[in-house]
Every structure is written in structure tokens, then in C-alpha cells.
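Here the structure comes first, spelled out in C-alpha cells, and everything after it is commentary.
Order of writing sets the labels: A, B, C and D. Residues in every chain begin at 1.
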């Protein structure tokens, strides 16, 4: 099985968890979703992210979802699984389970209790020891975790732990952080930097030295295209495409409603059967759906103009 | 002096505080800034907002800034002054001072210690009693204050306190909140709803029933135009204009860097003399300035295309 | 199997989770611990509390611990199991599992995202619907959960949900809350109020109308004796006993070190084999152990004097 | 005027702010309070602490209180003034004002936005530069500020900034922190460590190497006596006295009610004229007063027994 490595690039889409309206997991939609993401140009997938509905799953359900997605992916792209948990025993158990199933690596966010530089570095050293040779993604998302990692703390983790192969970058203000980590002498090897925030800063992030995105906008083709055009040196074309999708991307990034909007959009596109969120979780009002419909209609017109 | 009333509408720009590079307040730039905002179509101004640099000012400096701005405005539009403070004595003193200087009303955010519905309602009842007949803006900004007010809590405050004339709306997800507050029977009178979030959701907010914006994007003419076109029933034109400015508006809303970006843009436009933030406060890197320059250049092209 | 009911009273000791020095669960110590607690006069036990090491256990380990403890208790006293979790699926699964094993009820703390009165009431209504006829303890612990429930919110939950049979009271300042809940007309039936905070306010809590304690001080006999003397009307004797243990109880309530101190004390008393905390978790320094030893020696002298 | 220095020791009582029942400051009570604290053996005073009612004062009121207290102290002991504020301008203004009035130094808590080690170190470097040669107390109180400073961060601040002469220690678990800071080689000079937490851990703190207390228990004579007995090597006598006061000290440390209890006790002792807290602020119920009365009666009996 391919392991995640420091050359990870492109778009790792963070997959949603499809549910039936009664709250059961919709495994058929998992299949369609995998095909859709890969057809859109995803170079990897990430499942069980902390911002989605993974915390609402039982351990058995988590295993079922991961197994189904891995089976459908069938080695075509690497799959990263989020294993953040309050205790090491849970992290170890979940990591062993998903690596057995064929995951390419795991993603670990810091627990909210960490504060000082040394506490953060020690935590990741313990995690790395715990999971052995499994490659891991360091998730830096202060807005949600409350843990702020200075660039030099990230550098200590990367430089000390060879299994840290990728940074999921989701800090604010984050562009300077990318520049700091890409500066000469900061890291003892180049690792992958994949950015989050729903892709809202993707053009600038790529120009600062990111390798791609790891996030979940319902139009992953936008991120694929932005990254390809940036790679080809055509940052204006990249930004034109980005701008065309931005009104919807902005709308999907609303705290508290984002996931409902994303699922509604994915259902509207035929990717998943239902836009249901598992309880507790809000749903989109009729007005909210009309707002999304309107933005999509405008987006399609704009894309046609762009050619 | 005109007092703020429930018919407040349009764009109340939240003014920045201009500084010299050495940290002194730049009162000359205050004058230019006032003229610029009013020329751009602002229907009101708000000064000493909690998100800007007001907390860095001494009481004397606050008075100087408010006095200078009020003198320059000279009654052309109402000016709201933020008076949020840990204690009632400070709120009372600051309110008396700014009303004497000619402010049209004050804005009060809830202290972060409030949690239960009754605590919030009681707090505003005490504030209203304290400041007497001064009209006030209820600031609802949970992301920063940590205080979540259900629509029915806002309704209790509005229905109980006649001096509560305006809601500064900055919740997430906020669109449903506007709809809830505009629903029949929710409030015993129609109050003004002005929205924040840097204008990032302005078209949708207007269509949900907001009366305008109270926020600080460096191109207030965008907000003015969106609101006018919405009022004229041309929501597509409103959105076209919004979309043209959105790449920059998004960039300016980055947590942690937003104010530096806004000041850089205002200085670039000749509105304020320096883009300096008072310490402690970050500044924009050279790369960050180039990113803003690039977005502005693209924005100008797009606006030319729009006509 | 006996179900937890509104007449729960006395001391429900919150059990620690014993580990071997290498991090494995020490099931033999579970047996000794159960015997010790019951011999000390516990009228119930609570396992998998949110403040201890439950979050460090895998689901399988949680089941093993609960099963072992329930087997040893063998119906002598009711056992409450903490089932707080981010998602309803986990709560439902864990509740079904522990009730099958013979638990008397479950305890549910509010997720930290709840803020408004209605959000809290709705959450518990959904939980109660989810777990059917299983009796539950409402855990009110704002210092840790960040969720503040006004007495009237607790009243709405109790009055609406017949399966809410007990309040685990751990608010600060909490004494007025007990009085408010015991006031005529507040609740439509008398429920059990058991208090936390390591027993640090137990005499006052009992005099305000609490029915006992649900917390984890390493000398549960103190709490048993305080409650018995209060029940017998001898509040001075209750307080004398309380005062004798207070220097140690205070020491054990130090945030961040409390559990290490409790485990050290329980190991010293021969209750559990090791004072090990599972990683990540601090251990007591040599100086810290000497401080505990000194306090215990003084406590024993004082108890001898008391007779 | 005497400046605060690294040899500060004994009890720096944190003074309450006395109010009239109508909310006006009670300056006459300030005089009585100063005399009372000094008669009780205080070696210093601290005013305008962040945990009390200082944030409820206007700048003018703060000056009046500080001036009155300094006049009454009249150089007999050093007086430290809290000057924590969101901005440097306020810190500078307040520092200049209180040093002019005769303060011995200032105390600065970190703003809650600081997270990484370097952010904390940089903040204090900027503060030290700002206030010039004024000696300052570094306030370490994570429970309230949310800022956690590792011992090595404190060491960097102390070692870099000669005007940092004292640590107000109020971390949890804090005993190990004292030991760490007193270990050989940690600091490049010995600074004063004065402990908070209402004196609840004072005997252990002294045995770990603290120099005294800076906190506000309504019986400062307890702290004076504990410290003197510790200094004299009689830790058992120190602990006996501590234990006699502990039931009340514990009661006074209840979050949310502590200040009301302290003021009630001080008024009962004749130190201040009224137990009024300025709004917004809770008051003690009749039951609460009876609880304090009962604890004081028991305390007096116990002290008589002790001799």
C-alpha cells in the first residue's frame, strides 16, 4: 500500500459523511462520492476530519465508512484518516484499524489543552512514538483547536519526527506562516503543505509555496484547476477561475451552516443521495437553498463566460 | 443633534483609527477619512469599535478622536460611538462624554461573562437604565464576544427597551437570524438591522431584510452600491458589483491581518497618511502588500468591464 | 436491576480508573477499589466521569472496566456510567452497552457548544428521547463544560423529562443554585441533588438541601460521615469531621494535579496497586508525595483527637 | 520613594475597593482598610488587581483610589498597582500616573491573546521598554488570563528584563513551578515569588521556596502568621494556624462569590463601612451571610484552642 509522503500535492478532498434522512450511514453514496471526487481530479482523500460529522460516528461506523471508501478508492489515490482523540489508546487503536484497512496515513490535531511550545512538541513526539512508522499529517487549525503553533514549533516537530510528512495548514493569518516555513533553513527537509479554509485563500497560498489543498469545497474541480494553473505559471487564469467560484465558496464557509450548504450542493449535483446531517446538526432552510441555487446559477454563467 | 433612530439604513462605515508611524494619533488623517467615507456614500459612521484599535487608546485619546471626527462630520450623518467596557461607570462616563460631543448614539457589546438568556437581558436592562434616553445599538458578535443571543433574547431586549434602536448583526450563521427577527410578531416594532462581517454576506443579508451595513471594508462604495441596487430591486446588479469586490473583501477579512490590510488599502487610496498600527499590532509584509496590489489591479479591471 | 431514582442520596463515589505502570488497565485493582468504596459507606458508584481518565479509554476498554466494576458490585449499590460524547450515536451505543451490563443509569454533560437556554433544553430533550426509559443524571459543571444553566433551565429540563432523576451539581457559586432549585414551585417533583467539587463545600451544600455527594475524594468516609451527621442534625460534628479532612481535600482539588494526588493516596491506602496515570498525564513528584504524606499524618492525628 | 525590589517578601494584601451602597467610592473606608492591613502585618499592598473591581472604575476613580491609599500608607510599605490593559498607551499612562503618586511598582498580566512562548516573551519585552525603569510584577494566572507560561518562559523574561523583580504566582498546579524556578541555573538572579489563590496553598508554597503571598483573604493575619512560622522553621505551627482559617479561606475562594464574601467579612470586622459591590456584581444572600458567620464563630473557637 502506498504511504503518504512529503511529496503529497494537489487536492486532498475532505470527504463528507453521507447519511440517510433517518440518520443511518449511506454507504452507497460513499461510492458515488469517491468516484465524483476522483473524476474531479482529486489526488487524495481525507476522511473523518474533526470539522465534519466524524465525531458523531461510533467506532464501528467509522470503520465501516473508512473501509467502504478505501475499497472504492482501491489504491488509486492515497487516503488520509483523521485519528485525533482525547487519549493515546484511542489514537493507537484507530490508527492500527485504518492502516490495516489500507489508509496511507493519519492526521492528528492537537488537543485543546496544549499551550506552551514544549507541551505541543512533546505531544507530537509521544504520538509519533505511539504510531510507529505510520506517516502523519500535522493539523494546524487554531481557530478550532485553540492551539497556536509558532513556525518554529512546527519546525521542531518536523525536524525531530521523520514520520511527519505533511502540514495541514489552516491558521489565520496563514500566508506568512507558509512563507516562514518555506524560508531557507527553517526545516531540515521539505514537507508537503496542504491548505484548508475551504480553499478561500488558495491562489495566495499556492504563490506562497503551498503544495495544494486539503479541504472540502463542493466544487473540488475549482481547487484542481487553480492548482494546475498555478503550477503552469498562469496565476491570472488561476485567479479567474477562483473568482468565479468564490461567491459560493464564501457562502459555504459560513461557520455553523457550512456543512449543510456543502451537503445540499453535493446532493444537488447528484453526488450524495440526501443532504441530511445527523443529529445534532442544523439543516438548510428553504431560503438558504434558494440562495445556494442562485449562486450556482450565477457561477455557471460566469464559468461559461470564462470558457 | 440628530439621534440615532430605528430607521437607520445604508452604510455606517466603521472608521479606522489613523496613527503616525511613531504611534501618535494622526488627527489630520481623521479629517480626510471622514470626507472620504461621506463622499463614498456613507449614511453614518461608527467609531471606537471593539474589533479595531479603540482598546489601545487612552480615555483622552478616545475623546480627541471622537471630537475630531464629530467636528468634521458636522452633523451631516449620525455618528455612533462604541462604549463597551468592563464596568458601568466607564460606560456611563464614556457615553456622557461622546453624547456631549455630539454623537447620535452608542454601541454596546455584551461582556464575555454573560451566558444565560436572563443574564443577557438583565445586562442590557441595566445599561439602558444607566444611559437614560441615549439610543443604543445592540452588538451581536458571538465569534468575538463568546456571547450567543437567541432571536428571542434579542426580541426581549428590543421589546423591553425603547432606546434599543438598532441591531449590529454579526452572528454566524446569521441569515436565519435576520429572517427570524423580521418574522411577524417577533418584535413589537421594526428596528434597524445593520450587518457586519466586512460586508462578506451583504447581498444575502439585504434580501433577508437587513437595512444596511455597519462594517469597515476599505471600499465602502461597494457596500453603498450593493444596498442601492438591492433597494432598487436589481439584485443581480447588486451581486455583480459585490462579486467584483469580493476577492479583496475576502482577503481583508482574514482574522489577525484584516486591519493591517484595510489600513494599507486606505493609505494606498490616499485616505490616511500611514498604514501604521499601534503596538501591539502586526504589520503587512512586502509579500502581503503585493498580494493586495494585485487584487486591487484585478478589481479595477473587473469594475471597468462591469461599467 | 435497580434503576437510579429521584431518591438517590448519600455518597456516589466517582471511581478512578486503575492502570498498570505500563498503561494497561488494572482490573484486579478495580475489584479492590469497589470493595473499598462500599466498605467506606458509598451508596452508589459513578464510573467513566468526564474529569478522570475515561476519555483515554477505547470503547472496548470502557466496556471491560464497566463490566468488571458491575460484576464486583453485584447489585449492592446502583452504578451510574458517564456517557457524554460528541454525537448521539455514541451516546446511544454506550448507553445500551452499559445498561445491558447492569448500570442503574447514565450521566450526561452538555457539549461545550451549547449557549442559549433553548439550545440546552433542546439538547437534553433529544438525549432523553434517544435513550428512552433510561434514567439519567444531568451534569452541571460550567467550569469544565463552559455551559451555564440557569436554575430555570434546569427546571425546564426536569419538569419536561421524567427520566431526569438527579442533578450532579458542580456549579460555582453553587449554594444559591441549590436553594433556588429547592424553593417551592421551582420543580414539579423533588429530584436528587448530588454535589461535586471534591466535597469541598459538602457541609454547606447539605444544609442548603442537597442529598449527598457525587465526587471522588480519596477518603470517601469523610463524605459519608459528614452526610450522616448532617442527616442526624449534628452539623457541628459534621463540620468537625469535614475540617479534619479539609487540608488534604483542598490539596487533592488542585487543578491539573488532583487526579495524581488522588491516585497516590489510594495506592498508599492499598486500594489500587499503582498510582499510574495513563499518558498523557502528569505524575506526582517526590516533593508532592511528601506533601501528601505530611497532610495524611496530620489528618490522622486530628481524627484521633476528634474521636 | 522606595521601589519594589527582588527582596519583596511577606504579605502584600490585595486591597478591595470599598463602595457606598449607591455605588460611589468610599474613600473613608480606604483609610481604615489601609490601617487594618498594616496593623495585621502586611509588608505591602497591591491595588487595582484584575480579579477585583478595578475594571469597574473610571480612570479618574482609579487615580482617586490609588492616591488616597498611597497618602494613607505614607511610605510605610511599598504599594504595587495593577496596570494591565488592552493597549500600551493605557499601560504607559496608568503607570506614569501611579508612579507619580508614589507607587513602588506595577503589576502586568498577559493579554489573553498571547499563546506561543515567543509572543509572551516579546510582550513583556515591549512592556518593559515602555515603562522604562519602573519595577514590575509578572502576573502568572492562567486560570483567568488563559495564558500559560512555562517555567522557561518566565526565566527568559526574568533573565532578559532587569526590571522584572517579582512573580505573582497563581498557576495550577503551581507547586512544581515554584520548585522549577528555584532550581539552580534557572534564573540568573533570585527574584521575589509571591503567591495568590487566596492563600489556599500557602504552607506548601512557602516550603517550595516562595517568599510570601500577594492575595486578598479577609484575615491577612493568617498569612502573616503562616509566613512567620515557616520562616522560623516551625512548619507544624504554620500549618496549625493555616488549618484553623482554612474552612473560611476555602469558602472565600468560591469562584463568583468570593469577593462578596470577602467584603462581607471585612465589613463585619469593621474594616470597611459597607459590603457593597458595584454593579454589575452579585451580593451575598442572607443564607450566605449566615454561613460566613458560622464559619467565623467556629474559627474563633479553634484559634482559642490553638492559643
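List of remarks:
Keep in mind that, in the parts below, contacts are C-beta pairs under 8 Å (C-beta built on N, C-alpha and C of every residue); 3 or more make two chains touch, one makes a residue touch a chain.
Each chain and its UniProt protein: A, B, C, D = Dihydrodipicolinate synthase family protein.
These figures come from a predicted structure and were not determined experimentally.
Identification of common neighbours of chain A and chain D yields B, C. For the interfaces B-C and A-C, the C-beta contact count is higher for A-C. Taking the mean Cα position of each chain as its centre, D sits at the greatest distance from chain A.
Although chain B and chain D carry the same sequence, what matters here is overlap: shared residue numbers make up over half of all numbers found at their interface. Superposing chain C on chain D by their CA atoms means rotating through 180 degrees, a value rounded to the nearest 5. One finds 33 Å separating the Cα centroids of chain C and chain D. Rounded to whole angstrom units, the spacing between the C-alpha centres of chain A and chain C is 39. One finds 47 Å separating the Cα centroids of chain B and chain C. None of the residues of chain C touches two or more other chains. Listing the residues of chain D that touch chain A in their complex gives 115-119, 142, 147-150, 152-153.
Touching chain A in their complex are the following residues of chain B: 143, 172-176, 179, 200-201, 204, 207-208, 236, 239, 242-243, 246-247, 250-251, 254-257, 282, 285, 287-288, 291, 298.
Those residues of chain D that touch chain B in the complex are listed here as 23, 53, 55-61, 85-90, 93, 123, 126, 278-280.
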